[in-house]
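Scrolling down, you'll hit the structures one after another.
You will see chain A twice below: alongside chain B first, and alongside chain C after that.
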Partner chain A sequence: MNKSRSIQRKQQRAGWFFLAPATLLIFVMSFWPMIQAFIMSLQTGSAANMKWQEPLFKNYLRVQKDQLFQLSMRNTFMYLLIEVPIMLILAILLAQILNNKDLKFRGAFRTMVFMPCAISLVSYALIFKSLFATQGLINTVLMNLGLISENINWLGTTSTARAVIIIGLIWRWTGYNMVFYLAGLQNIEYSVYEAAKIDGANGWKTFWYITVPLLKPTIVMTAIMSINGTLQLFDESVNLTNGGPANTSMTMSHYIWNQSLGQGVANFGYASALSFIIFIMVGILAFISLKVGDTRD
Partner chain B sequence: MKKKLLSLMLAGAMVATVFAGCSSSTGADKATEGDAAAATEEAAGEEESVALMGASDDDHTLTVAAWDANFNIPALQAAEAAYQQKDPDFKLKIQEVSASSDVENAVTLAGASGDYSQLTDIVLFQDHYINKYMTDYPDAWQALTVDADWKGFSDDKLSYSTFDGKHYGMPVDNGASIFAYRTDVLEQAGYTVDDFTGITWEKWLEQAKVVKEKTGYALLSMDHNGDDLPYMMMQAEGQSQWKDGKPNLVGNDTFKSIIEVIVQGAQDGTIILANDWSEYTDSTIIGDQVAGVFNGNWIIATMKQNKDASGKWAITTIPTLSGKEGYAANGGSSLYITSNSKHADLASDFLAYTFGGGDGAIATYDAALTNGGVISCYGPAGESDLYNAPDEFFGGVAANAQIVEMGTHVPAVEQNDYHYPLREKVGALITNVINGNDIDSEIQSAQEQMEFEMDQ
Partner chain C sequence: MTNKKNKSAIQRRLIPSYIFLVIICFISVFPIYWMLTAATNTSYEVSTGKIIFGTYFFENYKGLLERAAASSGATLGKVMGNSFLYASVQTVLCIFICSLAGFGFELYHDKHKDRLFAILLLAMMIPGVATLIPLFRMMSKMKLLSTVFAFFLPGISTPFMIMMFRQNSRNFPVDIMEAARIDGLPEWKIFFQMYMPIMKSTYAAAAVITFMNAWNAYMWPRAVMTDNRAMTMQMLLTNLSNGYTIDYGVLMAGVFFCSVPTMVIFFVLQKQFAEGITGAVK
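Right after this comes the complex of A and B.
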């Protein structure tokens, strides 16, 4: 009895020993900068000689009057509300289709859907930009098909610029989420479906009453990751539209970049405060999704 | 329970070690600071990052960072060759970065961290940044210790880099704006370049409409993402968007009239506001959509890429609201000596001897023009034979000398740290007015946003 406990303790000690380097690195590389960023968010002035803000939380109070940040916040939440549901529903449907055992070339299709994910964010944003340029491929194709009479300024019009960003995001991330759903689907016993079939459930019913509930943990996880990712959206806003026209497609992270390095302003104190506000938003939204997804009473 | 206790203790221990580790490492940092410059220099050779190579330790060598192998790097090489006449052992180590923003970000990061050790002896960046850098990182720069022939430069160019009567920068390329027109297109519409010289913007808009109707060409385009039109048009009026360090938009009639001109031109289709830089250059200028180009003269390199239009361009001055001939400047960059340099005297002498109008000036500027197309903003350089040679691209006119001459007329206007943020806000204002918003309330809100951003 005594001996087994000491072995257990030894194993635990080994476990902690293995965990320690990673934990230490995460602390030094992630958490320590976060603490420093928080300190910086209470300061102002050029980065070489930062002074404490008066009053101390002025950078945070400033946000209330910052029209541009509020605009970028509305933009980001609009991307979130439109893009995430479309993307997750598409991903789950694609996963369902590609999980079909009778489908030919299943592997090839899966690879194709996942492929966009292997492309770097900047490259795909630049490709989308050239596709949707005023003299770009999309306009040329639409023109030759006779669908439009003159070139559409996709990236220079607010509504279409936002739409292009959303289309880009869906193209880039659907395959990524699909992989999680595919993995989740592997864990559902085939016999459950067989039983449902014997009971006379049709395709939709099996999907809605079996697949979705059993995939719930995966759905919650992908939702949190997507919310987190969308709130920190940066590359598309910078590279595809550069926030334009008139900042109406700019995201919060892009605005933070403009406040720090982007326009040579070097307002690092305020930029850090904005970063913390996003951090809090992500925290709250993740907490809500966790609570919604939690089935334990 | 025990597990929790253990994990808590471990976490506590870890926090303690990290804090201890940090405090001891700051002590160690100080000890190694002296070696840091040498270390970065070694590392820079192998690393593929934007880190600059650091200052030189050798008495006859200087380091410099620049970004354009077809433009400013040949100019620096020309200066190196010219200075070797004076000091045969002299070497200029040029670090090529991929874009001007690499240098600018390196300066911001060095300033932010207070560690200037990676800065090169001399850095090259765009003129509009120095104001902000001087305010934010005053100890990052050294004034020139050797006097150059400052009278040869325009007031506008020197106004950027002179602080408290001391010269911190050495101008390299000329930012003088040109307004170039396609003579063949104008001819089709029944005009000559003279019809567009010394006219009001009102008349320009009328004539541009005729050109558009008869030939299909727009008469002007601009990258609307970083819209330089309002700035240059204001400067041609001799005015600034700034007054006493504050944005001067509300109640500024000149500014409002200029915005109205741009909006009107955009609505007529005579001014194309491109969504970004590559659309501006590739699609409107090289893609042959416009019969007029108005920007800093460095845009000529872009214009030359439309080979079919060669020989058909002519340069003239800028229209103004009153109809007098306008002069403006945009872009252009200068060389600055960083405080990291241990050889400020050598660097000053080098700059004064070459770009600053010393004995090596003509050799430097002639070679810079031949190899990199860099047009000097040093007036006497424009008198050389090379500058006065006919330029086939502009139909046999000595355009280079013309540009140097135009550059000396550019009026100095008030500059500000927040040049780029204001440019972005004015660009957004124009977009909103084109989309039908009220111009006065848009000007009001642009001014408010700018004042908000400056009040920290």
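Right after this comes the complex of A and C.
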């Protein structure tokens, strides 16, 4: 009796030993820096010499007057609100179509839709930058089709620069999200669809009344991931438009980068306050998504 | 006979689906195809809308070598080598540390460990830009800037990976673990001799996704790899695209080299890649 208990205790200790390195790393590399970021957000000064702000929340008050940060925040939320719904609906539609067992070339279609994931964020941003350049292919094609009479300065105009970022995001991430839905659909019994067909439900009806409700947990998860990712958007803003024209397509992370490490300003205290605001936004939006996912049952 | 008719009727009803898929697939693949053709054409040809393969690849490649040397003081080979080294080291360490943790959390689980796991999951909500400055200062203080350690330290233990191994460990046959214990096998040997071989496919998926993420990493490397000789491919690409005149042939040749490893992984290990993406959410 005593012996088996001591063996059990030994095993429990072994378990702690196995998870210790990973746990320690997360505490040191995620939680501790987060606490430091909060402390720094109450401070001012250069990297080596940080002093407490007077009043303590001065950095946070400064946000109210910072037009540029507010612009970057509006941009980020605009990307979020336009891109995420279009992308997720497109991804579910594609998954639904590709899940049909009668469809031919399913594997080839799936591979092609998924292919943009093989391209790094910086790479695809530069491909889109080149395609939408003033002398780029998009203008050439539109010109030859007679749709435009002179080249459009896609990346030099606020509205089109934002549109190109959104198009790029949809291009890069739709296949990624589709993979989740395809995995989710595999858990749905095919007989459910057979039954719906016998009951005379058409394609759209089965989509809205069977696929979407059954995929709900997956939809909530992909929504949270997309919201999280979009709020942290950085690579595209830097490489595709460089925030331009005149910072009107800049994202929050890009702005924080410029305030801290990017342009030699080293405004660590203020940048930390801004990053803490993003942290809170991510938390709130994730919480809302989870709640919305729960109550629809 | 009726069966055949039925089949063709089904295919006819699928025509809109086929059209939709062809359009989407064209949009998905065309920019990649265009990048490949642009890498083989002169910048002038690219900007006049040439979309078939040319013969200028070698010149673009030479231009790329020159630009790489001019902007980083390092050869293209060195930059590619950096990216390979960093991504490989991060992959090996990450799957080792996270699989250990997944093993510990699932197969030795009790109330306290489950609670600790829930706390670790919170780290998923922490944005990269929020920990950027404190981590940068940490690396700077420890004199690790521009070393491989600065590259991988924040990335080798992630809640996502731990969760992936923890979820997949549910399929691990516990009976044989008991049998091994009765035979006197110590716990750490159970991990190395039984868990690792049995979980091969999870390791493959985890390795693919970690390597991809590390290869594609951008903000963090740009922050800590301050020495030009420590530059990664992603950073080199940014350098190529800055400046008043962009040589599109050279730029796309750069994108091509940056994409070769990830494209190879995508085509050879697509199944593992897809599993790696969805891995934690079974």
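Operating definition for what follows: the second predicted complex is superposed on the first by the 276 of 297 C-alpha atoms of A that agree within 3 Å, B and C clash if a C-alpha of one lies under 4 Å from a C-alpha of the other, contacts with A are read in each partner's own complex, and residues count from 1 in each chain.
Operating definition for what follows: contacts are C-beta pairs under 8 Å (C-beta built on N, C-alpha and C of every residue); 3 or more make two chains touch, one makes a residue touch a chain.
Predicted model, so just to flag it, every value in this text is computed and none were measured.
Once the two complexes are overlaid through chain A, chain B and chain C clash, as defined at the top of the document. In the superposition on chain A, A:Y176 contacts chain C only, with no contact to chain B.
In the superposition on chain A, A:A246 makes contact with chain B only, while chain C stays out of contact range. Look at A:V141: by the touch rule set out above, it reaches chain C but stays clear of chain B.
In the superposed model, A:N151 makes contact with neither chain B nor chain C. Of the two partners chain B and chain C, more chain A residues are in touch with C.
With both structures placed on the common chain, the touch criterion links A:I278 to chain C but leaves chain B unconnected. Using the contact criterion defined above for the overlaid structures, shared-chain residue A:S46 touches chain B, although it does not reach chain C. Taking the listed stretches 27-35, 45-53 or 225-233 of chain B in turn, the superposition on chain A shows a clash with chain C for 45-53 alone.
Shared contact residues of chain A with chain B and chain C: 12, 16, 20, 23, 32, 47, 129, 133, 135, 261, 268. Residues of chain A touching chain C in their complex: 10-12, 14-23, 25-26, 29-34, 36-37, 40, 47, 90, 94, 97-98, 100, 102-104, 109, 111-124, 126-131, 133, 135-137, 140-141, 144, 171, 174-176, 179-180, 183, 218, 221, 228, 231-232, 234-235, 238-239, 252-253, 256-257, 260-261, 268, 271-272, 275-276, 278-279, 282-283, 286.
Taken in their complex, chain B has these residues touching chain A: 3, 6-7, 10, 14-15, 17-18, 22, 104-105, 108, 111-114, 129, 132, 135-137, 139, 224-225, 273-276, 279, 283, 287, 418, 420-421, 424, 427-429, 431-432, 435, 445, 448-449, 452-453, 456.
Of all residues in chain A, those touching chain B in their complex are 12, 16, 20, 23-24, 27-28, 32, 44-48, 62, 65-68, 129, 133-135, 153, 155-156, 241-242, 244-247, 258, 261, 263-270. In the complex of the two chains, the chain C residues touching chain A come out as 10-11, 14, 17-18, 20-21, 24-25, 27-29, 31-32, 34-35, 38, 46-49, 51, 97-98, 100-101, 103-105, 107-110, 113, 116, 120, 123-138, 153-154, 156-159, 162, 187-188, 191, 215-216, 218-219, 223, 234, 237-238, 240-241, 246, 248, 251-252, 255, 258-259, 262-263, 265-267, 270, 273-274, 277-278, 281.
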